[in-house]
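Note that chain A is present in both complexes that follow, paired respectively with chain B and with chain C.
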Partner chain A sequence: MSHKEDLALMAHLMRRAGFGASHDDLERCVAQGYEATVEELVNPTEAQPGGDMATMLRYHPSFLLPGGTPFSGQANWMYQMVSTKRPLVEKVALFWHHVFATGNSKVDNCDQLLEQIQMFRDYGMGNYKQLLIELSKNPAMIFWLDNNENHRDAVNENWGRELLELFSMGVSNYTEVDVREASRAFTGWTISAKPPRQPYGRFSWKFDYREEDHDDGEKSFLGEVGNFGGEDIIDIVCSQPATARFICRHLYNFFVADEVQVPAWTIEPARDEDALEQMMDVFIESEYDMKAVLKFMFNSDFFKNARYSKIKSPAEVVAGTLRLVGEFQFPEPGILNIGKEPTYMGQSILDPPSVEGWYTGSEWINSGSLLARVNFVADRVANTDLPGVKKILDRMKSDGVKTPEQLIDAATEHMGFLQLSDETRQQLIDNAQTDGDLDWANEAAAGQRIGETMALIGATTEYQFG
Partner chain B sequence: MALNTVVAGRAWLYSHNVGRQAQSGMGFSTPVSAAITSDGTLYVANRSGEQNPSMRVTKCTIDHEFISEFGRQGPVYGGNNNTSLFTWITGIALDSNENVYTSDEWRCQIHVFDKDGTYVSTWGEKGEEEGQLNGSAGICFDDDENLWVVNSFNSRIQKFSKDGKYISGFGVKGSGESELDAPYGIALDPDGNVYVADWGNHRVQKYTPEGNHLATFGHAGKGSGSLNHPTGVCIDNDGDVYVVDWMNERVVIYDKDAKPLTYLYGDAVEVSPWGEMSLESNPDMVKRRNQVQDMVEQQRKFRMPQGCLFDRENNRLIICDTNRGRLQIYLKDNTYQDPQFNL
Partner chain C sequence: MTSTKKDPVIVVLQLTGGNDYFNTVIPYDNPLYYDNRPYVKYDRDDIIKLEDTKDWEQPLGFMPQMGPIKELYDQGKVAVIHGVGYKDSPRSHFRSMDIWHTCEPDKVGTEGWAGRVARELDPNKENVLTAINFGHGLPRALAVPGVPVAAIADLSTYGLLTGISNQDQRSKALDLFSRMYSPTVGGSFVTDYLRSTGTDAMVGADIVKVAPERYSSTVEYPNSPIATHLRDIAQVYFADLGTRIFYTQHASFDTHAGEMAGHPMLWNDVSQAISAFFEDLKEHDASDNVVMYLFSEFGRRVHDNGSGTDHGAAGVSFVIGDQVKGGHYGEYPSAKNEDLEQGDLVPNYDFRSDYAMLVEDWFGLDSKPIVNGSFEKLPILK
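Let's look at the complex of A and B:
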């Protein structure tokens, strides 16, 4: 494999397991090797800190407890995506936010949603069974799915149903009786009353197990009988092959290639049944270890061969582009807007449309969202004042980039070693030829041309796809 | 829970709290610093949030009388295009005529208002050079009415005349013994020595007025005497040093030799009069409060406090309890008599 091909493969990995990487970072990763990079992503070291929360909160103290206003909470999370040195941790948090979708529209409390995202950072790459237990105790989830209204003598099935339907096995793998019995097992799993928002602002909910409100009677669940509690239900759920299939299909859909939408999974075969079977084997053999299945997936041929088979989510477009251009590495004024940008493209982070989360793939694209995506990228990559863009210009100048062909090839490399189709590449070259060679004697003009070229590349399928 | 913190022959008695969360009027919006006159008039810098026109200075008394607010112009839409005087209001200090000086950490400016809140002037030029501001954070006056300004972005401490003429400065970015990293708050002791909250190095640095390093208070961590991103610092008449240990959500009190004495975690057991007004108009809030098992224990604690000041004339410590929208006030009692333990 050529060095350039190594870089292109590494860029693919970093887009999927993170939010892209700079030319320099890709060179470093290639030097250390593909598998070593996967290992570094899955097991980041102390030298790779997460997003710089202290700096953000120093300058934006109101981001700590944003309350029901989503913008501060969204900016808080987007800044973490942009500034983190452990991108897979953040990407996995985004993955679980897709799967365990919990929304501010009902919770009205971004503090608690951010706490849930932190829980995904802490447990999202650990054991799936443990993650489900943490999720069951997560205050935002308890309120979102009404488990605080699930009582021994008045069962509420919302959490029990979604646990089975959307968070583990998927529909068609359980009965209505199973839903009822699972819900009974989670009675008493609630949240304690917290001080109200007035007069001193928001306080946090805490998980509260109330034994007196728990139905400790016998339950029959998925063919097993016992005095089950919530943990027992999760044990049984995790022992079902359907759960491994459902979670691995979600992983494939999020990290490898776009699948049909989740409601169609009972009637449509997986995009790559063989890959899915392999992932399920690893998941089950490792006893639901997320790191094991992530490592297997990223190192697999089916992943390496899946370039441009997945449309980036709006959050990926925004975070990836901001990291590319080096904007908001510091939480400067204007940061509130970066949390809103994915919303303009159809993904209001911390506020998914329903417990089903977002429909992905081609559903991300409509005439409005496509325009928002293209314009967002164009506005950034054509801004030669931004540090990442300046760095690209400097590198192109020192590399002696001059002809239209060189310009297009260098720009696509700096935007993630994109492998454009021949037709797209030729169209870009034809366009660049109208202005001839780059004239470095006039750096401002050269910079403007490069920026405009990168803006065009930002509109290509290859950039908009992961 | 202890409302009186007694240690090493000293006592800090919790007095009361002023404020509530409010976007205007009787309350504060993420207060980050405060200044006080000898008769108890407070000026509080409200940082608020981006695209929120409640960034302002609140003038009130320590006895809960709201007087006015100023510095607010709106609407505010963030970035450099807003119409407000402030982008990141950070420090606040009073001169002997009760003129109000505020720092803006992003714009690198000092705004001056008179005591009625009328805008007087602005000075400060952004830059890296001597006499230029680069992230103007904490500010304080010395006895000669010169204004000391922390430059957080290039880790320099500079002294200016009241009208902004550069006098002297020191400070180098780094983590070495005398160096600073993104410093924040500043205070002077009665001898004129300079104390700086060395935010990025998790310590407080003490210098002579000429910038010679004298001592270091604290180190990174959560344990005894340690600090996690300290933001505020102040010194009392006895030389005891108070450090707002921001991310550990406490105030660490050191003696003048940098030995840790004790900690304050917040003692706001009562609802302030302004807070009571919120509750009186929202019966559901009262009902909810009555359902919380550990209501007082949760309510009393600091939540990411940022600023502090010591009112030497009245021997009282004032903490900006930033994310609770209030000030917590303690009296230092040097005549405190410990009761018998077998009461």
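Let's look at the complex of A and C:
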């Protein structure tokens, strides 16, 4: 592989396993090798801290416990996506937020939602079985799916059903009786008395197991009989091949290539059945170790060959662009608004539309959201005051970028080694041709031209893919 | 024969944050108002009394900053709908707003009522501007998968690649964009979809930019965000672009603290803006086919907290326009202590009845699939 091809592949990995990387970072990663980079992503060291919470909270103390003000909560998470040195941890948290979709529209408590996201950071790359147990005890989830209303003498099936339907096996792999029995096993898994809300703040919720409210009777679940509790149900769920298939298909859909929407999974075959089966094998053999399956996936050929086969989610557009231009590496003023940007593009983080999460792929695109994406990217990459953009200009200058053709190709590389169709590339070159060669004698004008060129590249259909 | 009757148009003005009903349409003779509001109340003398209610058991008045709305009221153009809400209010802004937007009080809904109306009005998606939100992003009320809805934060700067300040460069850029997004043969489904959506977005932005150019008016709008949004709405409406649903909001009515400073300011902005808007409609002889609908996601607690009021339940909605039979509808919920729930006025009128009235009597559509059920309508429209 040529060096350029190595860089392009690395850009793909960093986009999928994170939120993109600068040209310098890509050079560094290529120097250490592809597999070593996967290793670094999956097992970050002390030298790769997460988002700098201490600084953020020093300037924005309200972001710690945003309570009833979701914008602060969204800004908190967006800042971490933008500034983290362990991008895969944040990306995996976003993955689980898509799958275990929990929304502020009902929870109305951003403190608890951020706690849930932290739990995804802590457990999201560990063992999936352990993660499901943590999820079952997660206060935001318990309230979101009414398990606090699930009593020994009055079973509420909301959590029991979604655990099977949306969080593990997928529909048509269990019966209504199984839903009922699973729900019985989770009776008594509740949150300690929820004090009334204050006008602005929220009291924190805690998991509480109430033995006296737990139905300890015999249950018959997926062909097994016993006095099951919640952990037993999770054990049985995890031993089902349907679970491995469902979770791996989610991983494929999120990290590799856009699948059809989840409700169609029982009808439509997988996009790449062979890849899915390989992932399932690794997942099952490793006893549901997320790291094992992630590592396998990122190192596989089917991943490496899946470039630009996903529409970027709004969170990816926003975090990826901000990382590219080097904005908000520090919690500067204006940070409150960056949490709202994905909302303008149709993805209100911490507030998915329902427990089914977001419809992804082409569903991200409508006329309003596309306009918001194009304008957001254009305003950033054309701003030559931003540190990341400055770096790109310096690099282009020292590389001697001059002709329209060189300009388009260099800008395309700096924006993540984008693969433009021949037609688009030619249209961009033709457009650049009308202004002739770059004139570095007038550096400000050259910078502005490069910025506007990158804005146009950000406006292509190709750039909507990640 | 072609009809000269213009298509009905609606302007939804959302009062975000929970407007204090008890302090907006005030039962000024009721001692319970003064008992419950040691701090957060308007002076009896300042309240704008509604003469036509003076013989009622409980006469009513508008809060002092609603003078301009009172003028419209006196012309018989304002319907006041009392006690609006739904059962078991969660008293959460976000949940409550969601319920209002999706008409789903018991589960999390995904389709917005106004978006559904847009789908019915333009089933073949012929006009990318059938429904427009004025403000950032889309409220869930307008969000329905596959229904094109425009969101205009600021009409004067709306468009694609507006950051490019040099006009020549920008028109070159837009020209390039339209070529890059023009349909091709043999593209993938997703790319084709992206291209047609990009073209829609650009066409919409292109059409809408004529609105400020064509607009001229002697009406001076005040300088407030809501006045700017309503002026933008007037411009797009006068430009005759086929928009049927205009949506906007004003915030924040969440007056937990300092209500007697904030609430008058909020209503001052809203009243002045509405007054300018209707004056503008009159000047352009275009008020016949417009109704404006005002709502808030809930009312506020009856008893004040010393500085403001906390989240409550029942609220008030307004319908304003030439085609409105002005006056009062429904019943002011009792403020007697024994009639309150968790200290709040109890809603006695379902918000979906408002929507059903607008959907059926204004737009002439079947309301059932839009508001998720059958609800009694009030005879508010002529």
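As a convention for this text, the second predicted complex is superposed on the first by the 458 of 466 C-alpha atoms of A that agree within 3 Å, B and C clash if a C-alpha of one lies under 4 Å from a C-alpha of the other, contacts with A are read in each partner's own complex, and residues count from 1 in each chain.
By our rule, contacts are C-beta pairs under 8 Å (C-beta built on N, C-alpha and C of every residue); 3 or more make two chains touch, one makes a residue touch a chain.
None of the values given here were measured: they were computed from a predicted structure.
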Which of chain B and chain C A:I133 touches, first, second, both or neither: neither
Chain B versus chain C as contact partner of A:A242, first or second or both or neither: neither
Touched partner set for A:S72, first chain B, second chain C, both or neither: first
Touched partner set for A:K106, first chain B, second chain C, both or neither: second
Contacts of A:G334 with chain B and chain C, given as first, second, both or neither: first
In the superposition, chain B vs chain C on chain A residues touched: C
Touched partner set for A:H60, first chain B, second chain C, both or neither: first
Footprint overlap on chain A, comparing chain B with chain C: 197, 199-200
Of chain B, residues touching chain A in the complex: 20-21, 27, 29-30, 32, 47-52, 78-80, 87-88, 105-106, 184, 199, 229, 231, 246-247, 268, 271-272, 274-279, 282, 284-285, 288-289, 291-293, 295, 298-299, 303-304, 306, 322-326
Residue ranges of chain A in contact with chain B within the complex: 54, 57-65, 71-72, 192-201, 203, 332-337
Interface residues, chain A side, partner chain C - complex: 68, 70, 103-106, 108, 197, 199-200, 258, 311, 340, 343-344, 346, 351, 353-355, 359, 361-363, 365-368, 370-372, 374-375, 378-379, 382, 423-424, 427-428, 431, 434, 452, 455-456, 459-461, 464
Residues on chain C engaged by chain A in the complex (per definition of touch): 90-95, 98, 108-110, 128, 136-138, 140, 145-146, 148-151, 160-164, 169, 172-173, 176-177, 179-181, 184, 189-191, 193-195, 197-198, 200-201, 204-205, 256-257, 305, 310-311
